[in-house]
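Below are two complexes that have chain A in common, paired first with chain B and then with chain C.
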Partner chain A sequence: MKQRLDGISNIQITFLISSAITGVTVLSLPRIASEAAGTDGVFVILIAGIVSSSILVLIALLANRFPKDTIIEYSSKIITPLPGKAAGVGLFIYLLGVSGTVLRNFADVIKGFILRQTPLEIIMILFAFTVLYMVLKGILTISKMCELFEPMVIGALGLLIILSFKNFNIENLYPLFEKGVNPYLRGTLDLLPVFLGYEILLFVFPFARNKSNVLKYSLFGFLMPLLMFVTLTFVAIGVYGADATGRSLYPTLQLAKYIVFPGAFAERFDIFFMIFWIFASFTTMSIYYYLASLSITRVFGLKNYKPFAVLMLPFVFMIGILPQNILQILDFSEYISLIGLGVLVFSMILLAISFILRKKGG
Partner chain B sequence: MKIIKRSKNPKNNKVFSQNDSNSVPAEQKESLAVSTNVTENLKKFKAFLGDSADAVFREFKLGMSGIKCAIVYVDGLTDRTLINDHILKPLMYQVAIPETNTNSNPNHHELFEIIKSNAFPLGDVKEAESLDEAFLFLMSGEIVLIVDGVQKFLIGSARGWRDRGINEPQSEMVVRGPRDGFTETLRTNTALIRRRCRDPNLCIKTIRLGRRGKTDAAYIYIKGVVAQQLVEEVERRLQTIDVDIILDTGQIEQIIQDNYLTLFPQIQVTERPDKTIANLLEGRVAIMLDNSPFALIVPTTFYQYFQSPEDYYDRWILGSFARLLRLTGSLLASMTPALYIAMVSFHPGYIPTNLVLSIAATRATVPFPAFIEAILMEITFELLREAGARLPRAIGQTISIVGGLIIGDAAVRAGITSPIMIIVVAITAIASFIIPSYNAAVAVRMVRFPFMVVAASFGIYGVILFFIVICIHLVNLKSFGVDFLSPQAPFVYQDWKDFIIRFPQQMMKQRPLSYYAVDMDRRDQDDIKGTRV
Partner chain C sequence: MLKKLCLLTMMTLVSLSLTGCWDRTDIERYAFILGIGIDKGEKDGIVVTYQIALPQGIMAAGQGGGGGESTVEIKVDAVNKKNADQKLLSKTNQIPNYSHLQVIVFGEKLSKEGIREHLDFFLREPEMRHLTKVLISRGDSEKVFKVKPKNGDSTSQYISEMLEQTQRFSLSVPKYVDLGMLQRKLAHPSDLLLSKVSKIDDMLSVEGGAVVKEDKFIGWIDSKQAIGYKLLEDNVNWGVIDISIGADKKDRVSFQIIGSQTKVQPMLKPKEKKFIFSVKLTIEGDVVEVGQDMFKAFDANFVKNVEKQAENEVENLCLGVFEKLQKSFKADALGLCEVVANHYPTFWDKHKHEWKEYFLRSELKLNVDVSVRRIGLIK
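Our next item is the complex of A and B:
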């Protein structure tokens, strides 16, 4: 009998990374891209993706140096325990913040497009409890769920992109390179947070079954959303033009609404797309919520994350309920993204220090 | 594999004789030690079976020697002709006792051996040293021969009783493929399996279940294909069974399954020998029970419930199409009424304008909200189905007429329900019967009620969230250490050859990976030719 080991398989790593990246932001992604760089958004997002993938490689390198630890443990090993613990708390706050923003962004879309009369709080509570149920089942179940849902999500995105080509107008893509190199530099920086999600590798690496293949498979996992994001931006700008895309709150949903299935049972495609987008948001939030509870457990040096997962629920809910309107939500998301970039920088610093001091674990 | 820590229960080994030791007054208690005297021994048997009309005690003399013997058997469980012609006859007339010993006091033990080897023309002959052992054999339909002066019994198998005969399996009919199904006799069933696979590695092990029932159960597997851990796990779980009687494999299923707090069955049930042997060759274990025509197959994955033997007998395109239909059917059966409720009461904007107008027109006269309407109709359908399932065939037709005409047409005319609701219920019903496995179909049908409740409370959002919860539950389930949603989650791409699309036979040369089979290549014949594994 081939002994099947416990742990996250290679394919699960791929889908886990992919699920963490494709989340709520899929809906607003073309807006962010065209806001940042207008018609050049397609190229800028591609560049941001390539930059992100190189950061992903560095993160994998760092994780590979401490194959048995999460970042919470090896940050203590690299920069002495006390700053390490402080960094761990910072990471926890970041993960908690992401969970909260995902929850709020999600609930906002649901309220705006599906359940107009239901109070926001009810939508959030239902979703948060579903996520909690999932998180309590552990990382292996989460990765299996990603395996189950992520192919559907990617498939739905692909279908959306293909069907949207009907309304595609090539003239909308011009002019290119209008403003020179500057928007590219600035835009790349603006679009880096879009790809956030691969930083989960800092936490899930020790759970991987086959550690030597993690880099390869997580790059695969990064490639899928990268491809989807680039084509999605391309199509959105091609259909609506950079200006209209930049002004629309959820251009992806606009795309879906524009699609008409002749003679279909449902009049609009967006309800189908919405189903898979809920799946995507669900997996994203589950991953971050789980990692948040895991990181705080590890900071305290404990084993069982479940009590923390339950205790965190009101806090996540509070973070979600904090912003008063859509502008505040956008601002808040931006802050969280900045912290996310900070996490990336922090991990780079860790990598550099561990490289210089030749620290290695496990 | 997750192991429930329960050791083999010593109480299972409780013997027959202890059962009513308290109810019999002390003075009537028989000593249970086997004596050398035939009459004494017979008395001990009669102490238990004297009140039973079907027990037969026959005393006779062995050949010309005048040595007293007796046989005991249970009438109805044994073949009477066989006993008369092949047991009593040789013993009474033809037994050849060595000349030297006839005059002197014969050596009884020698005699016993002579009877066993020369005068007991049966294939299956055993000895029993204690009364308990003898009773167990007796109750299984074997005969007990008591010889004077010997402190043990000779047991001969003369089993023979009426059984139903091999019929077409009622719950799993196929258009193409073998038509024989299991019966209630374990030996017939194992023969049906054995006949399909002439591999000496096919193992049929038996275990007795139930303290009073002591029913024979068999677990069947193919050595060298199945993972040894799986066999041990099956054995261990079967040994944890501690009840007085097991009447059907359904009871075994409920005791040995991984999770009993779930709607979904984790063990496959089949009446078909061809399906059983195909599963054994994929590295699974089958569990059968005497008196039950249903075999259990472990481990089982969720998607197996949507497969039928016909998928393999028909051309692969047909098989794949049927599987796609069944999966769609299961989604429809569980969610159509919920989606209808959600769409009509929460999101009419998503329905095409013409359709929404016609729905509104038909619903104008209906006094109930969509949820109540749907619940009413679905419960009516369940009532009809349950009523039809238990009735004789002749009355069953009446029920279908009553159901179809009265409930369908009249309810619409009376304005209780809308015609679209009738269509929704009909779709649900047909779609749920498309699933080949009965127990999975029941689970899918049951799920639609909570779906309807969440749809009525939170619209399509509730439906999706509940779907996610069910997915989490399914992903988390295991059947004997195998993930329930395999090969989808965890993703085992090798097994997708026999998943939604049934690949052509030429391409399925490997056994599925998900069940931990040892010998991966289906064409590997080493085990038969060479040494045993």
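Our next item is the complex of A and C:
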């Protein structure tokens, strides 16, 4: 007899985490890395990744103490309801903010590179509606979609990296370890937000089918983007050098523009790559949008998130339309990622308090 | 009944959305720009020559029909590159498209005044690919595009393929520079060597190179100096050098390089404020043509002699180009500054601005090792 299985499977957890991390930032990642630490960027991004993965372990530890609740509920249990609710609203604002920035970053790149005559608003509305449609289907559908899309995204990134090796020049990667420890510390701090995405574990943990395996599989899910990000930075600096990479708005796209596809059946590799990048942005935004609607529902103690998901749409759109130009978009994304670091700190505090007060749920 | 009505509405709506090509632009409406020539215009202006593909002409040539032209050249006076694009629009019924741009050719006069400002557009424009090659032409670039290759290819494709193919087999054609490479180089002001294209009678030639100092073109290097340049830059794939052996240096032997490796090791002399670059060249190759007595090549002494003379020749070629760049151009087109920055990062951080003085005092120490592997099919 076939048993109906509820919840997110192990492998889906892997791809869910992975797609939450690989989002729009893939395009600008090598720039952020080489801006932060020059040629040492490759190592700094690796260190930032290792630090992030240890935070991921701590988050999983926290979520494991309350296997039936999301952070919205157990923050109320740990730090009494009122501050807990306030924190829940804060989390909601963060998730909404991320959805908005993903939407705007996505639309801006599409307008700049592909649909140059389409109004920005149209691109944003179409994308937001597609995401809404996806979100209304629930977390299980989203995880299935991630399971389907994420391997393709990782594959396209891998192809980009491999084909870029033709233009690779090892000398561009020197000098290494010349500037002392300081750039490493600063750079690590600068690059931590790049890996944001694993904090979704605070919300999706209760939906997992097999809770004892979540940590292992989410670490797998973290490992894929980590590997991709490090090699991508390595290749970008190897091809363009740290200075030019830091001066390029979307260095990943620039790498794609420099590729000769063997056999030349696809003259423009950059367009080919963009297709998969759209997948990546789509899954990222779907996850965050879903979690935003979920968190506000839980803050009010309600069950059905769908009305909120629909109601949120204009707000996400407004956040997305807020920045007036590319400079403001970059600034805005930076603020949002600072809030993201705040979320990490907050969850660490929760973990500490729950340990001290020996609070445990479910 | 309601279900059927729903279905009907759905079908109508779907059929409406399926006609989604309302804003498509036919491929014939695009002007695919294959090559761009930029020359000096009157006063501060520039003259831009666009070479635009005519798909009908290319297809006719492919089918052996001949006849029709495969490209059309349009000349525009403008203040800068984007301004030229605007003016081009008023001269053609098509929309310019850069996704197939093969070459950008700067005229001699214009490049003497600087090319950096004219490259900005190409690096900023999202449509541009980074495989476009950048050259400097002898005389005005406009002349170059007037040469029509006999095989029906466009001039731009012809130049582009010429650079790609010949630089692998010929030593006198240095490795071309494309936009991706320029993006890297222009991150800080540096000297470089661009490909040179010149019109000789009715033919095009890409022999030699153009030295660009900071961003101004300052002079040519000839084909012999290009050989030295390629050897020093470690870009040699294949290629032949001519050597003469024998007591009276009358016997000519052609030595074909089939593999070459160059290692550059800088050494700082702080007192003299200079660098000594020890260059180790390891070359192997075949004897491919022997003058005079054809049966003398199968002989250990002969082979040794060839190796020795080849070493001398390589040394002369390398020193020749180094001296030319250092003494007459005072330009570090070999990119030795990058080698120094890699080996002496702390020195580089402090003395970056003094690099030119260090370079002018620097010396080249060559250590060439040539091995002859084969002598062809005649014993």
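Throughout what follows, the second predicted complex is superposed on the first by the 355 of 362 C-alpha atoms of A that agree within 3 Å, B and C clash if a C-alpha of one lies under 4 Å from a C-alpha of the other, contacts with A are read in each partner's own complex, and residues count from 1 in each chain.
Going forward, a contact is a pair of C-beta atoms (placed from the backbone, for glycine too) under 8 Å apart; a residue touches a chain by one contact, two chains touch by 3 or more.
Keep in mind it's a predicted model, so treat the numbers as computed, not measured.
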{"item": "Residues of chain A touched, compared between chain B and chain C (which is higher)", "value": "B"}
{"item": "First (chain B), second (chain C), both or neither touched by A:D243", "value": "second"}
{"item": "Touching partner for A:L327 - first (chain B), second (chain C), both, neither", "value": "neither"}
{"item": "Partner chain in contact with A:G112 - chain B first, chain C second, else both or neither", "value": "second"}
{"item": "Contacts of A:L82 with chain B and chain C, given as first, second, both or neither", "value": "neither"}
{"item": "Partner chain(s) touched by A:R268 [first = chain B, second = chain C, both, neither]", "value": "both"}
{"item": "Partner chain in contact with A:K257 - chain B first, chain C second, else both or neither", "value": "second"}
{"item": "First (chain B), second (chain C), both or neither touched by A:Q12", "value": "first"}
{"item": "Which of chain B and chain C A:Y174 touches, first, second, both or neither", "value": "second"}
{"item": "Chain A residues contacted in one complex by chain B, in the other by chain C", "value": "267-268"}
{"item": "List of chain A residues in touch with chain B within their complex", "value": "1-2, 4, 9, 11-12, 15, 110, 114-115, 118, 122-123, 126-127, 130, 133-134, 137, 141, 144-145, 147-149, 264-268, 271, 274-275, 278-279, 282"}
{"item": "Complex contacts: residues of chain B adjacent to chain A", "value": "227-230, 343, 346-347, 349-353, 355, 458-462, 464-465, 468-469, 471-472, 475-476, 483, 485, 488-491, 493, 516, 518"}
{"item": "Residue numbers on chain A that touch chain C, as the complex places them", "value": "112-113, 117, 167, 171-172, 174-175, 178, 239-241, 243-244, 247-248, 254, 257-258, 260, 267-268, 270"}
{"item": "List of chain C residues in touch with chain A within their complex", "value": "23, 99-100, 126, 128-131, 180, 183-184, 186-188, 338-339, 341-342, 345-346"}
